[in-house]
Amino acid sequence: MNKNSKIKSENVFKFIGRAFKEGDILTKLSFFIMGLSNLVRGQIIKGLIFLSMELGFIFYMVMAGVAGLSGLQNLGTKTQEQVVLSEPPYMKIVPGDNSMLMLLYGVVALFIIVAFFIAWKANVKAAFEAQKIKEKGGKLPSFIDDIKAHFDAKLHKSLLFFPMTGVLLFTVLPLVFMILIAFTNFDNAHQPPGNLFTWVGLANFKTVLFSGQTISKTFWPVFGWTIVWAIFATGLNYIFGMLLAMLINRKGVKFKGLWRTIFVLSIAVPQFVSLLIMKNMLADKGPINGMLESAGLISSYIPFLTQTMWARVTVLVVNLWIGVPYTMLITTGVLMNIPEDIYESAKIDGASPIAMFVKITLPYVLFVTGPYLIQQFIGNINNFNVIFLLSGGGPSSLDYYQAGKTDLLVTWLYKLTVNRKDYSFAATIGILVFVLSAVVSLIAYRRTSAYKSEEDFQ
Amino acid sequence: MSKKTRSMSQAKKTANFFSYLVLIVLSVIWLVPIVWVILTSFRAETGTYTPYFFPKGYTLDNYKKLFTDTNQFYFAKWFANTFIVAVCSCLISTFYVLATSYVMSRLRFKMRKPLMNVALILGMFPGFMSMIAVYYILKGIGLTQSLVALVLVYSGGAGLGFYVAKGFFDTVPKAIDEAAWIDGATKWQVFTKLTIPLSKSIIVYTVLTSFMGPWLDYIFVSVIMGDNYDKYTVALGLFKMLEREFITQWFTRYAAGSVLVSIPIAALFICMQKYYVEGATGGAVKG
Amino acid sequence: MRKGKKIIALALVTVLALSSLTACGKKNKDNNKEVTTDDTATPDDTTATDDAAATDDTAAEETVSLGDATLKVWGPQEQQDSIQAMCEEFKALYPNDNITIEFGVVSEADAKNEVLKDPSVAADVFTFASDQIAELVQAGTLFPIKMNTDQIIANNTENSIAASTVGGELYAYPSSSDTYFMYYDKSKYTEDEIKSLDTMMAKDLGSGVTNFSYDIDNGWYLSAFFFGAGCTLFGPDGTDATQCDFNNDRGLLVGEYLMNLAKNPKFANHDDGLLLAAFEAGTLGANVTGTWNAAAIKESLGDNFGTAPLPTVTLSNGETIQLGGMANFKLYGVNSQTKNPQAAMALAEYLTNEASQKTRFEQFSYGPTNLNLANDTAAMSSNQALAAMTQQIEFATLQTSIPQSGNYWSPAEAFGTGLMDGSITADNLQTKLNDFVNNVLATLN
């Protein structure tokens, strides 16, 4: 479409092979001494940058990288030891290997190696390009030219550099670390620095899913409730949000802005405030039960959060309080965009309001907000705040291991890490939650795109 | 309008009556918890919840004590910390999000599709599992227990949240960019001079969501700050007030603190509502 | 100085590999062997000695020089001023040494999480609750105490020393004791009536008044009934991860009693939140909680403020039992990764000595573990809440700290919830108790 959309389809390795075959001696040497080709050909700064990268990498590998990588193999062998002395304090502690840090350093080393490979490939490319330009008798771009290019043709690289670094450092790297933990036995009984942990393969997955032990007897019911919760929380919020938006959008209703603002307040108040407040209000002896009791409506308190069925309904209802305004805000605009004449002609055909809602409004809104709905569903699978702050997962159950009847997989894995330090199981559950989310969104996105081609409103 | 109203049929009038009735009932339900926090923040009786709705006595002490009783909680200091972190991280996050979404929406390069897919996948992992690793990474850079570390953590992953903003940029006609390129503008100039001024609503949305983050998080901050009490943020501080030893004495002050934290966020949110809707739907819907 | 110590340090070697799996953390003491460490200062002449020999000579501290040391101390926020004052006094004891002390805020309850998160930056000396000790020891984060051991053991109550000992080895310095006891409204009950829960429940205090409230769905409190009847959690000494007999005949009697109690309309399941309002409004006769609520309850009840040990209850077989409970201790420990173990131990010992415990007793109502203070009845009875607590702690069982005990809380809470919502009935009580025990003893693999 434009000059940038030309995408080179050459495979990285093919390119490297070609560069080596066609490259002259300087280019070939640049394979080993980074930046050489650029240095000799006059791109001093560029060459120096590449060279310093190589030196830095070698320095890192010698100082820490090799040790980091080799540590990955069995995550440490030397246990912390106590040595008795004859003088005060009569004991000395000789530190052993720390499996967790070894794992982390290993992952860091892998990342640095990958990063170095990317830099090395860029070096080969730069060396080869410099050679080509010289062969054609052209003038090599100066360092200033390179910088300028990074604000134009290569803008994507400059703009993405910092965000990508942030994501790599604070999301991807920790995530890889966490995923790897699922394949170790880093649990309560194997905590560093006093103990070592090591690789156990897929054992944790087997235990969680199929062992029939306490933890798998907890996993499946919690998994089930997570699904039920996500379906109801998403569906109810969606329907009620849309109904509320329609109600406010009715022709006869005045002060639309005021109504919307009232409902939006529940989004604006931080959740850890509003949910903790709700928790207190709904307590067995809290103000809501107190008021109902003094009004004579109930004889004894309603166990809003202390009895399984009630608690499950309560978390869903309170989630409405938080979620409905979002849907309302988002569907309001969509609703106003529905062409009025569709309704008019439906009315002439004698369609009932319910039929019109099901046949016209719902499909239209669903079409526009489809991706939002999927996002909400995934968000609800991972809805930590509502459960953790409101019910804390309770009421706890004699059938479960470290979980209560309203616990979702995410809140359960949080409890496993914080209360029990069963990191390996928590990581395993984290991966399973991911698989669940991925499967759901894969199916859903497929359906929405199919939907798009079937009925096109635009 | 008034003519129409007069000519309205009886049926419509009752329909309107019921609309208002439902709206009023719902509004009450929506406002009750908020009113209750505010009432609690002025409540003279200590203790957590009471079996009645309206306090028996009112006082301003809870607010005063929040700032004067600094023996246990440094509310004012934590408030300032949170504010600084929120401002810094929201500036950085906004830049990250805008940069990423602009690149993904407007520029074409080899890794575009794979990167977008990876971002989608990354968003599906429960985040806090990795907090121990995040802690050690920060330690590796030598940044634990500082506000800078918090800023980095809150803004670090922001680049992943580009989907909404990308949707917005997709709706801005590409022809504008192309015309500018033909006139000799660099892509950087197009981004800063053309696209950003056109994206007011998405900027407001991004600023708003990333400004709110630090006020709400209580998990990462406790892992990162550890024993450094001076560097806590408000959310964690408020959480601490609810611990067993303090809750009876501090619950009403917790409510006061919550009100103080909620006011700026709520005010900002209500003023920016319009942009929020546009932003949240990637420009597909005008608020 | 430090280098010299290192040389001596390595002059003899006994290896005590921390056994990683045995939950009770028992160590293979006989597994003595020589090791060469990678320390560059290792001399070649190494002689193995028995560790018992190392403990017995306890030189008077004042004569010992600690050398230059930088130490960090963790304590809860409310005690910062007092800890800092104590540390100043400590420094004054060693005028020739250059000791720097830094402070960090970590409450006793959070200590385990903070230390385990990153032991290398954790404080050299930190205070923590006794139920964390086994896990801290298992993770290898506590320094075994070999200095003045006999004196520490002699100075403190037997229970508190038991709480500081894991696998026969002392790992911490006891600093204060803690358990729950009863608060009551003197206008509602006489001193005789509060001796038996059944008498209390039988009394008519008027409509709308709760005779007795209890945080029944909290394992810490719930244990009082089971322990009172002689049931044990993790064996008689609380270290056997495969033992829990809450579902035996005695447990069944307790379950029955609790079930009837929960059904009684004059009983309420109060947590801390509701106490004050209820006491203040005069709608509550008595409740069980800890010292941290003492000041607030005193304010609510005024002259009617009364405290007492837990009452007795009469089980359905006619037997009367005294309610027990879980005894907790606050301990001071030394980080195994400290660079100055000797100075750190001296400081930890100082922070838990008689004078420091007295300060904590006076300033924060912390019950002392020091025998001189604990036996000082005059001082103890000056604080009503602590007086009741000191009596109650005699009936209490030491709260177990083996890692398996992390499994206790959730099922205990579930059992309490079941009692309150009526899902536990006379018919399924035995099954529910079995579930309870199975959950407590559950293992993951």
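Here the chain labels run A, B and C in written order, and each chain numbers its own residues starting at 1.
In the analysis below, contacts are C-beta pairs under 8 Å (C-beta built on N, C-alpha and C of every residue); 3 or more make two chains touch, one makes a residue touch a chain.
A quick map from chain label to UniProt name: A = Maltose/maltodextrin transport system permease protein; C = Carbohydrate ABC transporter substrate-binding protein, CUT1 family.
Keep in mind that what you see is a predicted model, and the values were worked out from it rather than measured.
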Practice item. Chain touch graph shape: choose line, ring, star, complete or other and state it. Key: complete
Practice item. With contacts defined as at the top, give the pair, B-C or A-C, that has more of them. Key: A-C
Review point. Which integer distance in Å separates the CA centroid of subunit A from that of subunit B?
Key: 18
Check your understanding: Just how far, in Å, is the C-alpha centre of subunit C from the one of subunit A?
Key -> 39
**Study point:** Junction residues of subunit C, two or more chains touched
**Key:** 273-274
Check your understanding: Which parts of subunit A, given as residue numbers and ranges, touch two or more other chains?
Key -> 280, 283, 285
Study note, to complete from the structure: subunit B residues touching 2+ other chains are 48-51, 132, 136
Exercise for review: Spell out the part of subunit C that touches subunit B in their complex, as residue ranges.
Suggested key: 74, 77-78, 104-107, 109, 114, 117-118, 121, 123, 272-277, 280, 292-293, 296
**Study point:** subunit A residues touching subunit C - in the complex, by the definition given at the top
**Key:** 79-95, 187-196, 207, 211, 213-215, 280, 283-285, 303, 306-307, 394-404, 418-422, 425
Check your understanding: In the complex of these two chains, what residues of subunit A are touching subunit B?
Key -> 1-2, 4-5, 7-8, 100-101, 104, 108, 148, 151-153, 155-156, 158-160, 162-164, 166-167, 169-175, 177-178, 244, 247-248, 250, 252-253, 259-274, 276-278, 280-281, 283, 285-287, 289-291, 293-294, 321, 326, 329-330, 332-334, 337, 368-369, 372, 378, 382, 384, 410, 413-414, 417, 423, 426-427, 430, 433-434, 437-438, 441
Check your understanding: Taking the complex as given, what residues does subunit B use to touch subunit A?
Key -> 5, 8, 12, 15-16, 19-20, 22-23, 26-27, 29-34, 36-37, 40, 48-53, 95-97, 99-100, 102-103, 107-110, 112, 115, 119-134, 136-137, 140, 152-153, 155-160, 178, 181, 186-188, 191, 212, 215-216, 218, 235, 238-239, 242, 255, 258, 261-262, 265-266, 269-270, 273, 276-277, 280-281, 284-287
Practice item. Give every residue of subunit C touching subunit A within the complex, in rising order. Key: 5, 8-18, 20-21, 23, 35, 37, 39, 49-51, 53-55, 59, 64, 113, 116, 119, 135, 137-141, 143-144, 146-147, 217, 268-270, 273-274, 336-337, 341-342, 345, 403, 406-407, 410-411, 413-415, 417-418, 420-421, 432, 435-436, 439, 442-445
